[in-house]
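The structures considered in this document are given below.
One chain, chain A, appears in both complexes that follow, with chain B as partner in the first and chain C in the second.
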Partner chain A sequence: MAKSLRLILMYLRHNLMSALAYRVAFMIQIVGMMLNNVMLLFFWTVLFNRLPTLNGWGLEGVITIYAIVAFGYGVAVVVFGNTFHVAEVIAKGDLDYYLALPADPLTHLLVSRMSIAGWGDLFFGLLIYCIALPAAWRHLPLFLFLGLLSGLVFVAFNVLVGSLVFWLGQAQNLSSQLGNALLTFSLYPIDIFPGVVRVLLYVLIPAAFVGSIPAKLLMEFNTFQLLELTIFVIVLCYVARLLFMFGLRRYESGNLVTARG
Partner chain B sequence: MSIITVNNLTKVFTTVEKQPGFRGSLRSLFKPQHSQVEAVKGITFSIADGERLAFIGPNGAGKSTTIKMLVGILYPSQGQAQVLGKTPWQERQALSYQIGSVFGQKSQLWYHLPPADSFDLLAHIYELEPFAYRERLAELVEIFEVEPYLNTPVRKLSLGQRMRCEIAASLLHRPRILFLDEPTIGLDVVVKQRIRDLILHLNQEEGVTIFLTSHDAGDVEVLCHRAMVINYGAVIYDGGVNDLKHTYLRTKTISLKLGTPWRGFEFAGVSLLKQKGYGVKLEVDTDVASIESVMAQLLSQYTIVDINIDNPPMESIIAQIYERTPESRSPAVSASSLAVE
Partner chain C sequence: MSLLSRYWFVSRISARQQWAYRSEVLVRSVSTVLFMGIFVALWRTAFSVSQSTELSGYSLVDMLWYLAMTETVALSSSRAFQEISDAVKAGDLAYTLTRPMAYPFLQVANSLGSSAPRFLINLVTASAVVAVGVGLGAGSLGGALAFLVMAWLALLLDALIAVLIGMLAFWLEEVLPIYWIYQKLLFTVGGLFLPLEFFPGWLQRLSQWLPFRFITNAPARAFVAFSFAEVLPMVAGQLVYIGVLLAVVSLVWKIARRRLVLHGG
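For the complex of A and B:
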């Protein structure tokens, strides 16, 4: 655990150094991503100008969801930058590098890339939370913790679907679609969906755990639910890791770097 | 003492066979036909501490698959292997502290950062003591002469400079075995020679066991004293490089650009391969005629503008070995039996 934490910090440092080799590109990507997110949120403000609430959710609730998801997503792609590339790395045979070194291969794989635009998401989430919501700073530690949990759901779910490559051989599209679906659905309040879809968003794609559930917790705190969420995330991470490690037995490596789909 | 022992190591890949065309794609979707490809077919060998082994064979022969199993990256389908007393795929992490690997085509250096930063990161990954690391780094920097560009981003280094850093990086943790997969690929002659010297130095000064794959006959000749040829997943030659050389590296080609028209050349052991205008290509059987005597004779008869002396490519040496082994699955031929042929 301590080893993994050290590895994470080391890579954070090196990834940042590498990104800062191109300062202007670095800044443009961050600011660009923040603007992009502002536009997305803008549509909701237009909607809530016309109707006061949507199945119990108001503008404030949606902003809370956006803040959490953006921050969590930011943490996932900044610290664990390969989150959305797990399937690709396995299919291309790039696991070789991580397997040849003594560090834990899953952690090592995840941290060895950093999405620069992800810093934009991370800052955006933090900013709208502090600016747009009243008395937000009082719950800041809770917000950070919930954001971290939601980031871990992103990471674990993508590891889970990325590991499908071990069995299916070619599943980059499937896993990236599932990964993106998690992000897309997490941005909507869970209660606007009809019953069956809602169940799917709890079970198949854990979108509810990324956005709506932590947002509700921030608005209306409940110790028991927080505990539940924390345990769920830990179990999800554990299962994802188990599946990945099990899949390694089936890893085929390969020099197929330039093969076309 | 054996440092690597491999017994009946086998790796089978399952692939889906597909008929050509769209119809074939549809058929493979609903009724996939699986076929088993035996990439490595029950190979057995052992390597002693301090050996320099060349592991050669054409593309797709099973070289990389074998190395990847020995490093612990791939699980075998069958068979056993012990590297430094450990089963690689079961004790991969523990083993990785004691072995190093350099893959010519896959870099372990950070592209946008100077090598010094990559070295630092690797030192952390290998959990080296800061003081011991600094001492080791200073030593490697001196041997590999990478001081001048230690702080230049890797993307600005030449391939040769990068490769030296690459090998230095894999030695930070003082591995006992070094696996090199085509370390001289794409390098010019001078740099190639330099890399070879360095690898030799490592073996002699630090006792590092060298396990090398290459398509360069020069690498094999200069660096290694033992060669193992593998094809279709089976070992077809295992013996001394000198025997391999005597048996198969018997010819050299001389390419000439003449200043005067070609009038023919009579010399025992020399045959004309190609002649066009002032360009001539000769093959010399080095058992019959020495390169020196052929050159002297040539210089006395012609004005020579340009000259090249080459070994036959590795590929053709291997091709010769196949010609002598009727079946690709026949058991490994020992050096001695090859030599008498």
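For the complex of A and C:
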């Protein structure tokens, strides 16, 4: 555990230093992503000007969802930048590199890339939470914790669907569609969907656990629900890891010779 | 071969290439199903909460068909900026300079060709989801024809903007964030997620003069509320912006070529 944590921190530092080598591109991507996210909120601002609430959700609730999802997504792709590339790495036979080194292969695979634009998501989530929501500062530790849980759901779910490649072969497209579906659905309040879709968003694509449930907890705290959410995330991470390790037994290496800088 | 027929030839080849990968495009149309499914749920809830049959002049059916059309155009839009930016960074432009066509317009033709099969698949998918969700009952034959013509002009306008963004790579290290901003301008002032009639007055007036509404809002609006009086000025607006962008792209390419440094090897 301590060894994995050290690996994560070392890679975070190393990836950040490489990104900072191109400072202008780094800054453009962060500012660009923040602007991009601000403009996404435009839709809800106009809609809630017309309607007071949507099945119990108002503008404040939607901003809370955006803040948590953006922060969680940002953490996921900054620290575990290969989250959305697991399927691609397995299908191309690029796991060889990680298997040959004395570090945990899954952790190593996940941390070996950093999304620079992810910093923009991370800062955006934190900023709109602190600026747009009243009494935000009092709940900041809870926000950070819930954001981390959201980030872990992103990572675990993408490892789960990425690991399908071990059995299905070329399933990168399916895996990326499912990963994108999690992100897309997580940005909408769960209560706007009809019953069947709502069940799917709790069970099949756990979008409710990324956006709506943490947002509800921030607005109306409940210890028992927080505990439930934390246990769900731990179990999801464990199952994702188990599936990846199980799939590794079926992994077939490629014969591609590549050089890594 | 005349100049226009050369570009037409490039478009046809790109369309055929894209069609060869139609199964991949079909898998990608899952995104269309997803977006349209969310919109159906969201707007059903919004109309039931508002307890009215119309919001800003749109019924539920009109609204969802409008969104099906804006999504069809947006999901078929150009990614030419990526190819141009990669070519500028890698120095691959050298190979294209010998061709008997101007590079930016070659990319526009390429982009229009590859958009065509995606447009067809997205149109069928989005229409199917909305038809299942709220039924038929919006649009008309005139509206459908106007939509097809205006969608083609919209994709041409979009391709010209994408090429312009790609050429910024001559000056900027990274052009992707510029594309994100452009995309979000389509989402907002382009009327991709909401018809312009929903905006406050000052924003409606501003949006009407910007090029973004001519890409997403104009074709979709023509489909759900067809009238010659409304369609003709919008087509004229599309043509004016296409003309302006053709001139700007030519000018930027002229300046950019002076910055081009080719290394041997």
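A few remarks follow.
Here is the rule we go by: the second predicted complex is superposed on the first by the 254 of 261 C-alpha atoms of A that agree within 3 Å, B and C clash if a C-alpha of one lies under 4 Å from a C-alpha of the other, contacts with A are read in each partner's own complex, and residues count from 1 in each chain.
Convention: a contact is a pair of C-beta atoms (placed from the backbone, for glycine too) under 8 Å apart; a residue touches a chain by one contact, two chains touch by 3 or more.
Here the structure is a predicted model, which means the values were calculated and not measured.
By the touch criterion defined above, A:184 lies against chain C but remains apart from chain B after alignment on the C-alpha atoms of chain A. Once the two complexes are overlaid on the shared chain, A:102 sits against chain B while remaining clear of chain C. Contact with chain B, but none with chain C, is seen for A:6 once the two complexes are overlaid on the shared chain. Once the two complexes are overlaid on the shared chain, A:244 sits clear of chain B and of chain C alike.
Of the two partner chains, chain C is the only one touched by A:28; chain B is not. Put simply, more of the residues of chain A are touched by C, taking chain B and chain C as the two choices.
Applying the stated contact rule after C-alpha superposition, one finds that A:119 touches neither chain B nor chain C. Applying the stated contact rule after C-alpha superposition, one finds that A:46 touches chain C and leaves chain B untouched.
In the superposition on chain A, A:54 makes contact with chain C only, while chain B stays out of contact range. Residues 22 of chain A lie in contact with chain B in one complex and with chain C in the other. The touching residues of chain A, when paired with chain B in their complex, are 3, 6-7, 10-11, 14, 17-18, 21-22, 94-97, 99-103, 108, 169, 248-253, 255. For chain A in complex with chain C, the residues that touch the partner chain are 22, 24-25, 28-29, 31-33, 35-36, 39-40, 42-43, 46-47, 49-51, 53-55, 117, 173-174, 177, 180-181, 184-185, 188, 192-194, 197.
Taken together, the chain C residues at the contact with chain A in this complex read 24, 27-28, 30-31, 34-35, 37-38, 41-42, 44-46, 49-50, 55-56, 172-174, 176-178, 180-181, 183-185, 187-188, 193-194, 198-200. Interface residues of chain B, counted against chain A in their complex, comprise 13, 16, 64-65, 68, 71-75, 92-93, 96-97, 101, 103, 105-106, 108, 110-113, 117, 121-122, 124-127, 153.
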